[in-house]
Each structure stands twice: as structure tokens, then as C-alpha cells.
Amino acid sequence: MIIIMEPEASETQIQNVINHIHDLGIKTVVNRGVVQTVIAAIGETAKYSTEHFETLDGVRKVERIQVPFKLASRDSHHDDTVVVINNNVKFGGDNAPVIIAGPCSVENEETLLAIAKVAKECGAKMLRGGAFKPRTGPRTFEGLGKLGLEFLDIARKETGLAVVTEVMDARDLDLVCEFTDMLQVGARNMQNFTLLNEVGGVNKPVLLKRGLSATIDEWLLAAERIMDKGNSQIIMCERGIRTFDNKYTRNTADIAAIPVVKHLSHLPVIFDPSHAAGKWNLVTPLAKAAVVAGANGLIIEIHPEPEKALSDGPQTLNFDNFKKLCKDLNKLTSVSLHTKK
Amino acid sequence: MIIIMEPEASETQIQNVINHIHDLGIKTVVNRGVVQTVIAAIGETAKYSTEHFETLDGVRKVERIQVPFKLASRDSHHDDTVVVINNNVKFGGDNAPVIIAGPCSVENEETLLAIAKVAKECGAKMLRGGAFKPRTGPRTFEGLGKLGLEFLDIARKETGLAVVTEVMDARDLDLVCEFTDMLQVGARNMQNFTLLNEVGGVNKPVLLKRGLSATIDEWLLAAERIMDKGNSQIIMCERGIRTFDNKYTRNTADIAAIPVVKHLSHLPVIFDPSHAAGKWNLVTPLAKAAVVAGANGLIIEIHPEPEKALSDGPQTLNFDNFKKLCKDLNKLTSVSLHTKK
Amino acid sequence: MIIIMEPEASETQIQNVINHIHDLGIKTVVNRGVVQTVIAAIGETAKYSTEHFETLDGVRKVERIQVPFKLASRDSHHDDTVVVINNNVKFGGDNAPVIIAGPCSVENEETLLAIAKVAKECGAKMLRGGAFKPRTGPRTFEGLGKLGLEFLDIARKETGLAVVTEVMDARDLDLVCEFTDMLQVGARNMQNFTLLNEVGGVNKPVLLKRGLSATIDEWLLAAERIMDKGNSQIIMCERGIRTFDNKYTRNTADIAAIPVVKHLSHLPVIFDPSHAAGKWNLVTPLAKAAVVAGANGLIIEIHPEPEKALSDGPQTLNFDNFKKLCKDLNKLTSVSLHTKK
Amino acid sequence: MIIIMEPEASETQIQNVINHIHDLGIKTVVNRGVVQTVIAAIGETAKYSTEHFETLDGVRKVERIQVPFKLASRDSHHDDTVVVINNNVKFGGDNAPVIIAGPCSVENEETLLAIAKVAKECGAKMLRGGAFKPRTGPRTFEGLGKLGLEFLDIARKETGLAVVTEVMDARDLDLVCEFTDMLQVGARNMQNFTLLNEVGGVNKPVLLKRGLSATIDEWLLAAERIMDKGNSQIIMCERGIRTFDNKYTRNTADIAAIPVVKHLSHLPVIFDPSHAAGKWNLVTPLAKAAVVAGANGLIIEIHPEPEKALSDGPQTLNFDNFKKLCKDLNKLTSVSLHTKK
């Protein structure tokens, strides 16, 4: 921790800060510059927030040197973590990008089965589908609940695809765990600390979506919280952030976040082009972009008739477009893997 | 709902859209312009999202005409709603701004009582204090839980101040309701739809904080959801939004949101200068600004020794600064009330 | 300058950074922490950008300790600067907030004179009015040019009000200087470095608007550039920033920026509620908010018939509303002045 | 133009709006809905801003139906525009992505020549290099000016590469035109309307960078202004936008803007990974991402020793990394071209 004093800080104020740090059992190195004094706190500072020191008299600014997400950081775990689902689907490391596909929300058994079959046929390894749907406004379709989970289970058995679905309420956790292979924590719940604590306590991989306006540090701190409770099987999922311009896209796809998080953390990172774009015709270029930028997977909304989907129709690919995308991704993957090192 | 077709949309596409709308039992008026066709859907369109129509072939853009937050809107309820706590604290309408004050988190009985007494002395009508604390990173102080609620209860009995505290988990709702007079839904939970549904089902006023990056529409839709479940005692609380510049302030205080929400909605609106600013020396100017801009109240963090507070120290006022602020607010309130009409 | 090394930085990398700094004639203090090494560069580091050091091998992060805007900073000039126009209008220090009012663009002599008279009558000290208008799209009204300046000059002589108008092009500088008492640099030109350099070379006060997405540091660096060229008569003008929500306001009024800049800098700060809000009915609450938050002045768009104004009609006050606002501001000013210390 | 009236608008207010539109020579179609009235203005509304109608009494909202950038839009010019430099470098249409490479700023003849040779060797078709450098703060290196242009000219003659450089001041336009093959309008000048007007008057292709916080509409309107003055040889350049998170990247690369602009406009779109990322190790993944997302070219900062570059060192590729990137891009280009249709 680096504590930068005000230029006009008095000797007493400087000494107070030093004593305060020593009282915490932390050593200091003091640099008295021409303009102002800088105090370095050396040792176990991770458990103190910077604000702890900012309130002391005469302090201008406090900078943390170490990253606050210790468990999620490459500083503490250098090699890529590979998250394995059902012993056969592998996210991260040198594994090829995994495609997860499915409808925004599970609507009925027939449609879901039709989707699952096409997904499998195209090379997807996992099926997505919402049973509990977060909706901005009330009085809209909020998912089939348990029935939706049962349909997912049928599709899983029929196709052998692993299943991921969102859990929105800690009280549903046991139920959702029973029917799925990976839990999704949605963007709006990325700082639902109650839910993060709970998914940290189960033995089930977690797909952690980035919040709409979460910084990369906050996103990694959400992963840190899950890991701190004991669950290290986390897949980070970039899905677009909120910016000043949303006229032509629902969110702004932050493609750079993929290599950034892979640099900071050992956890796998995947990308959701459907929510990032919000328009089906942008899904294909963004999906390709994410893969060549290093994404360990994609999660894509597909539906036989997007215009009849009960939610997210505008950002959903129909089967033809999804097939074409998968073919293109195969070609790109082969090329970009060769160009890695 | 206004459906704007692409300039090159075919007659078949136009007719399909019209038929689709008629199938929903909604009437249309069609304007064939020089460049493109515009279709107005007239009737009960509120239950359909704009995306429902955006996926149809040949559609360029869909605009909703009516606000999506019907219950919260002045269109459906013209006069100011006054939210009354314990028959004597009144938010909204022509009532003077209500001051809520207290520590970020409840730390112990003595400090809380000392704070409550100063708050009362200065004219505050309610006491705030966190028993369950949302924290971005794990391994930090997360509140005293039930014990914190009990301390709040003691302070309430001792001083007569009404109490507001945050509920983060639907499973704690009964417990929190037992000890408090108003429930706070925090910024990070503004789109925790599970929690919103639950607080919608209790008979207790709700302080609904604006999410870090929530649009005004989304914030009012969160209120709408609570109202839709049966609870109309909602106080909106602006607390700063996330923008590109957070070097000198924790968030950007959106003071204009106060008159905007009061124009759109009948619900009272208060302001949290502590979280908006993140620095104690900005709390005073922002608190004053909010009051003259029309805020129906303020919620302010105070502590006898902010530098020793277990959380949020840098944005917490000490007693002297709080007393001075309350005096200033009294003067401003008297003036601005006279200048209202 | 504080240089934080990567945890895995080698001894050679550390030594290279130290040598590099010594070669610039700057001293270092080196702290070898448990996890990583931190090097403090002590001395004349202001002329080097942080990026200069970030490219060196093994460096994780570089933090500047001193503010980059030396001349504009209170560190180098402690007391408030008072900018005086024509020996009688005073911005800053303990002077009451100055009101500048006028039309968005100068349209014709009669309307301008009518506006100037009302402005004066209400207590405004300066007249604003655009002769050269920046417009986002082509093929719209871009101002009367020189003729507009002449009308401003007539109004100035008629009423005794000082005049401020925008200069958009360095080639117009002499012309604009001839007819006005203060130059305005508009938001879109806040980083037009050519123009800043030129206004830095004239002996005329400058109203420097904050850019739409300028950080406070960038805004103060724009002032620094003008001061560096020799002109210290600068008035900072907050006018709203661009954020994720612009449905109900044109920009987000950053009221906190007023006390922040007054804390960092000795320069006076005023506020433009018309552009910040973009809606006339928000101008009044925001203008009041800015004044109680410490603004040294306001610049407000007024017009006898806003619905007929050639530009910015929706954010323009008519005469009745402006008169009412001025009365309210008088009351507030008297109160808040008394509460200053 | 669609004018949506307030629900409580009176018949007189509705009639006034209708009359107002008729007075402009524009026809109306009026839809009287259950809740509110909607008036469609049919005809030549492009020259009126929406604000023109928003100020009328009883109006809630005004929506423009047609895009405001007529010349730049595909609505008026359906096929891709191909911008040709010196009869041999082709941007847009089915042409392979063009690589532009060079230093941030021209430093001296030797370094520039060395860079130009490597650029050519790797397949770049154009050389970039700043002679006039925009810098946020004063007292930093601002480019060699005319000397820099002369060095660019030498490199051009030596290697046959076409040259692009930034023009910051309309007064330098003739000089810059003399020495270069394409003019760059920088991000900070994207709304310098004076400069846009001037580059619209010359017969030289223009590289138009997107402003830091420019919406896609504003960016296309800047192109529209240049086209309106007579110059249609415009290449749009996405270079990252300002968002709430800039800890690990200088800006947020808006990769989706590439397909969005190509959908809206016939103009070619290229991408600048150096400024978007701000870190050299993100340049490669972002450059690849942009190409597979459809970019018609890339502009990349390279230098033999980035750590000694006078500006932008941290985001500059060294020769080895640039060579490797170009090889990878070749592979990707061949694949993605085959997957286009």
C-alpha cells in the first residue's frame, strides 16, 4: 500500500499515519520528496481497504499495489485453470473453444429438443436455456421454473449435451443443482453477494457473467468471493457493458476484456455475443472476433423461429445462421490455434 | 407502439407486420411515407415488449409511446404519493425534506446510541445503519447481522427515531421487518428481481436505491415491480451513477434525476450524498444541492470518529460537520419552500 | 512518480529501471517488499509522462504523485483567482455568483436587444449569444457570423452588459476579440489544442467549457495549456457530461465537479444548466443546485419565445421563468453566503 | 418525424402542432390513440431538428424516422464505396484489409525509414506518422511539424508507401496536403466543425477517427459534413471509446461498431488497435478480432524500440511482434474471406 501525503501535511500528520500503520503490525518505508512525502506500507495489507488510510489527516491518496483478487489472480496460481464438466467438456488451457447454445428461455419440450439436436449436430458441447428468467419489468414471461428444468433434463439425456441454466435465488439452488451441470450467475446478480456466497458452497461449476457496469476488478472480485467460499470451478463470461451509445447495440462488447482477464487470472473466459450485441446480425462477427481474441468458449442464443421466441428474439440466431457460424468458427479455430505461440 | 419499416421493406413484409398486430387483437393505423412506411399499433400494447416486433422481417425500429412503468407513473396517479412511517414521518408532497442519518454499519451499541442522539438533536427523523453489509470483496467486515438489528431496535426505543436498514436476502425478510420501520433495497440489488418480488409482498415502506448504472426507466420499473406485487409505499433514492470519471468522486451525483423522477412519477425521491460523493467534504455541497433541486429527503452517513468507522469512513461526516449541515439545510429549506410555486 | 514492478520482475529489470531514472538526473528510493519492489522517483518528474516508464521491462504500474496541472493547481497558487471583466464583473473569491444570460444564437438585433434588457433588469451582469454555432449535422443554422458579433456589440453599448461569445476557429480570434469581453471555448473544442494555444496568447478572459466526456484532470489540463501560453484569466464552466442515460436529460449535470474543481484549483467555476439539462423545466432546479454547491456563476439560455428560437429551444427559459429563477437565486445566495464559513 | 403528444394534451395543443407542421409545407397523418395522440409528419423533414417540435406545447417526445446522415447512408448509396489512394491502395468493398503502420510521431529520418521498410516488408500498404501531435497536457513533445512532413515524404519516395498524417489546424491544410496521400482527422477533432468543413473542400481522402465519446450517429454526421462540402473519399476509423473502466485498457474497443457502420453506411471502416487498447500486448488480439469482424483495414503503431518512442510507447508494437501479427492476419484474412458469403 502506498500512502501519498498532501504537500502541506504536517510532520505530526505524517508521524500519525506511520504510527497507525505500525499499530497494525505493518512495516513502513518513508520517502520524503521535494514536494510531498510518500509512505510505503510493506507486509500483510491485503485485509485493509484503501479507505482505511484515506480518512487519516493529511493523506491525499492511497494506492494498493497488490491485486485485491488473490485466489483468482495469476500471481497466486500461474497456470491456466481448466474447468471440466461431466468429465468431458473442457474450458480453458489449450482446449478448443467450447460452444454452448440454446434458447433464451425454455418454452416447451418439443422446441427445446429440436434446438438441442441442432446444437449437438453443429458441434456444441453444452445446452443453455433459462427456466428462471430475470426481466426488467413485471408482467412479462418469467420462465417455466421447475418444469423448464425438467425439460432441460430430458434434452440432456436425449442428446448427451451438458446443461447450464441460471439460478436467481439462493432458495432454488438445490433444485437447480439437481437438474444441471453448470450454474449460471447472471449479469444482474454479479454483485448479489448472498447468491455468490451460496454458489461458492456447492460442488458445481459456475458460469459468472460480468455485470452491466462491472469493472474487471469487480468481476474478478465476484469470482474471488465464490473461490473464497470453496468453489474454484469458475468460468468468466463477458457479455457486453453499458456505455453511452446503445442505439444500434444492446450493450458494448468489450472484446479486450477477454485477453485482459486471461492475463490477470488463470480462470477460463468465454463470450456471449447474443447479449453483447442484442441484434442477431451482429452475433456472427462478434462471435468470430471473440474466438480470435482468445475466448475459451461462446454462449449463443438459438431458436428455430426467433420471431416467435418468448424472449430475446432480436438477438437470437436461427438454425441456418447458427450452422454457418459454427462452420466458420471451425476454420478460424484451426488457424488461430496454429498462430498462438 | 410505433413500428418503422425499412425503406426497402416489401409490401408483403408490411402486410405481415399488420396481420401480426391484428392477430394480437390490436388495431393499426398505417402511414405510407415517401421514404418508408410507419405503422402505429393502437390499444393494449403494454404487455408486449418492443423486441416482439423488432424481429419481424422488414422492421427497422420500434418505439414505445406509453411509459412502461404504469403504476409508478403520474399518468396513472397524478398527485404526489406521501409515504408515512410510523404515523409521523412523512416523505413527499409538501412536507419538508426528511433527514435520515446514521453510521454505514452498526458497530456496537454505545456508538450507535451516541450517533442516534446526535441525529435526533440535529432534527433527523430516522436512523440508518447496516446490519447486513454488501461488500465488493470477500474477507471484509460484513455487518453484525441480527445483533446489529437488535442494536437498531434499542436505539429506536431510546430516541423514538424510526429505523431503516438494508435487506440483502429474501430469507432475512421476516427478521428485518421485525426490527425496522423501512426496508432498504441497495443499489446492487435494484435488479435482484427475487428480492423485489418479496418486498412487494410485505406491508412495510421500501427505500429503493438506484442501481449504479440503472437508467431512470429501469429504476422506475424496479418500483413498478414492487407495486405490482402490492406494496406502494416506495421512496426512490438517487445515490450517484457510474460514469467515466471517478478519480475525485466515488460516483457521479445525478442531481437532475431528482426533478426528472418527480416529474415522471408520484413517488417521493430522496438523495444519498454520502455514496454519491464518496468523500465527506463533498457531502455538504451535494446535500444542499439536492434539497434545492426538490429532494424529499436525505440519507447521510455520520460517525463520531469517521477515521475509525469499520466501513465507508472517507464519506462519513463527523458530528460537527453534520450539525453545521443541518443548520444550513434548515435555512435553505425555508427559502426554497417559499420559492416553490 | 511511483513505479510498481511485477512480482516476478528480475533483479536485472529492477536495476534497469533504476538506471533509466538516474540517467534522467532523478533520484530514486527503492522499497523491496515481500511480494514486489516499488521504486519512488524523487525530483523533477513532471515533464515525463507515466507511459515513459510503463514501457520498461518488468514494470506493472506507474503512478504520478503530483498533479499534472501545475499552474491551475492550488498547490502552486493557494488563494482564489478572481477574474474581472471590464473592471466591474467579478468571478470567484467571495463575490456573489454572476449571472450570464442570453440566447443560444444571435438571431437579429431586435430580439437580442429585448433579451439583453430583460437580462439586465433581472440582475444578469453579462450577455451571452452565439455568432458562430457548432452544429452536429451540416445543413443547419450555423450563426450570423460577423453580423452576430455586431449585434452583440450594439446590445453591449445599449445595456452596459459585458459580452461573451464562442470562438470556434483560431482564424476568427481577432474578430471575436474586437467585439467581446470574454471568449468562450466550447465543449467540443476543449481539446482543440490549436485553439487553446491561441486563446492562451491573447489578453482576454476565457470561459472554458468542460468537454462532453472530459475528465476533471483533462479539463484542468486544458486550462493549464492556456495558462502555459500566458493567459491566466480563465473561468471553468461545467455543462454536463455524457453518460449511459440521456433519455430525459441531454447530459448528466455533474454538480459535484463544482466543489471538486474549486478544491483542486484556484480558478473560478461556473455552471451551464441549459446544456446540462437540455430541458427548460430542469434549468431552474439545476441552477439553484449549482449555486448552493458553490458555483461562482451561471450561464443561462433565455429567449422571448423559446419555441421559435433557431437553436436550443427546448432548453431555453422564457422571460417569466427566468425572472422567477433570478428572484429565487437572490434568496438562495443571501442564505448560502451566510452559511459559507 | 413522429410527434407523440402528452396524454393530457388538449385539442387546441394538438391542432397547434398540426398547423405548425402544415406551415412548413409538410403533410401530417394523425392517430388518436386511447391514451394519447400521435402525429406523423410526412415529407421533407430532414432539415428540421427534432427539438424544433419538442418545444411546442403538449408534445411529449419527437422521433426522427429517417437517418440524419443522408449522404453517408446506405439508404442513398447502396453499394460499398471503395476509397482508392494513389491508384493502388484500395479500402472497402471486397478488397483485403489494408494495413497502415508507422510510429506515433515522426522522430527523425533514420528511425522513420527503418520503420517504413519493415512496414513494407510485412505487407503494409501505407505509412502513418504524426508531424503535428495533439497532447492532453502542455510542455510535452508536440511533433516536428513541417520537418516531420518532409521526413514522411522521403520515406514515401524511398518505399513507395502512401502516407497518412494528422491535420489539426485548418491553417496547415495546404502544407499537409502537399506532403501526404491521406489526411487524418483525429478523435479529439471529430467535432471540430471548422476543420471538417475545410477537409471537405480538398481533393484528398480523409481518415476520420471516431471521437472518444462520439455516438455512431455523431461519427456518421461528421462524415456527412465532409461529404456535404464535396469530399466523399472518407474512411471511418474506430479507435476505442471512453467507458467507466480504463484501468487495464486506455479505451474500450468497440468492435461491434465495425459491422454496425458497415451496415448503416457505404463507407469503408478500419480499426486502430493501438489507441483502442493502449497496451501493446492487446494490439494483436484486437487487430485480429477487428479483421474477422469485417474491418477494411488496420492502423497500427510500430517502433524499433517502443520504450524509447517519444510518445505512445506502451501501445506500440516492436518489429518482431508486428511481423508475427502480419503473418497471423494473412492466415485469418484468407479464411474469413472464404466465409464471407
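Should a chain be cited, it is by its letter among A, B, C and D, assigned in written order, with residues numbered from 1 in that chain.
Here is the rule we use: contacts are C-beta pairs under 8 Å (C-beta built on N, C-alpha and C of every residue); 3 or more make two chains touch, one makes a residue touch a chain.
Only a predicted model underlies this, so the values are computations on that prediction, with no experimental measurement involved.
**Q** Between C-D and A-C, name the chain pair that shares the greater number of C-beta pairs in contact.
**A** When A-C is set beside C-D, the one with more contacts is C-D.
**Q** Which chain lies the greatest distance away from subunit C when centres are computed from Cα atoms alone?
**A** A
**Q** Approximately how many whole Å separate the CA-defined centres of subunit C and subunit D?
**A** That pair's centroid distance is 27 Å.
**Q** Express in whole angstrom the distance between the two chain centres, defined as the mean CA positions of subunit B and subunit C.
**A** 31
**Q** Between subunit A and subunit C, what's the gap in Å when you average each chain's C-alpha atoms?
**A** Inter-chain centre distance comes to 39 Å.
**Q** When you check subunit A against every other chain, which residues touch at least two of them?
**A** 213, 242-244
**Q** Using the touch definition up top, name the residues of subunit D that touch subunit A in the complex.
**A** Where subunit D meets subunit A, its residues are 213, 215-217, 241, 243-245, 247-249, 252-256, 258-260, 263-264, 276-277, 281-282, 285-286, 288-294, 327-328, 331-332, 335-336, 338-339.
**Q** Where on subunit B does subunit A make contact in their complex?
**A** Counting only subunit B, the residues touching subunit A are 46-47, 49, 51-52, 54-57, 68-69, 134-140, 142, 168-171, 188-189, 191-194, 212-213, 218, 221, 224-225, 228-229, 242, 306-307, 309, 311-314.
**Q** Which residues of subunit A touch subunit C in their complex?
**A** Residues 2, 4, 7, 29, 31, 33-36, 38, 40, 42-43, 61, 63, 65-66, 75, 213, 242-244, 246.
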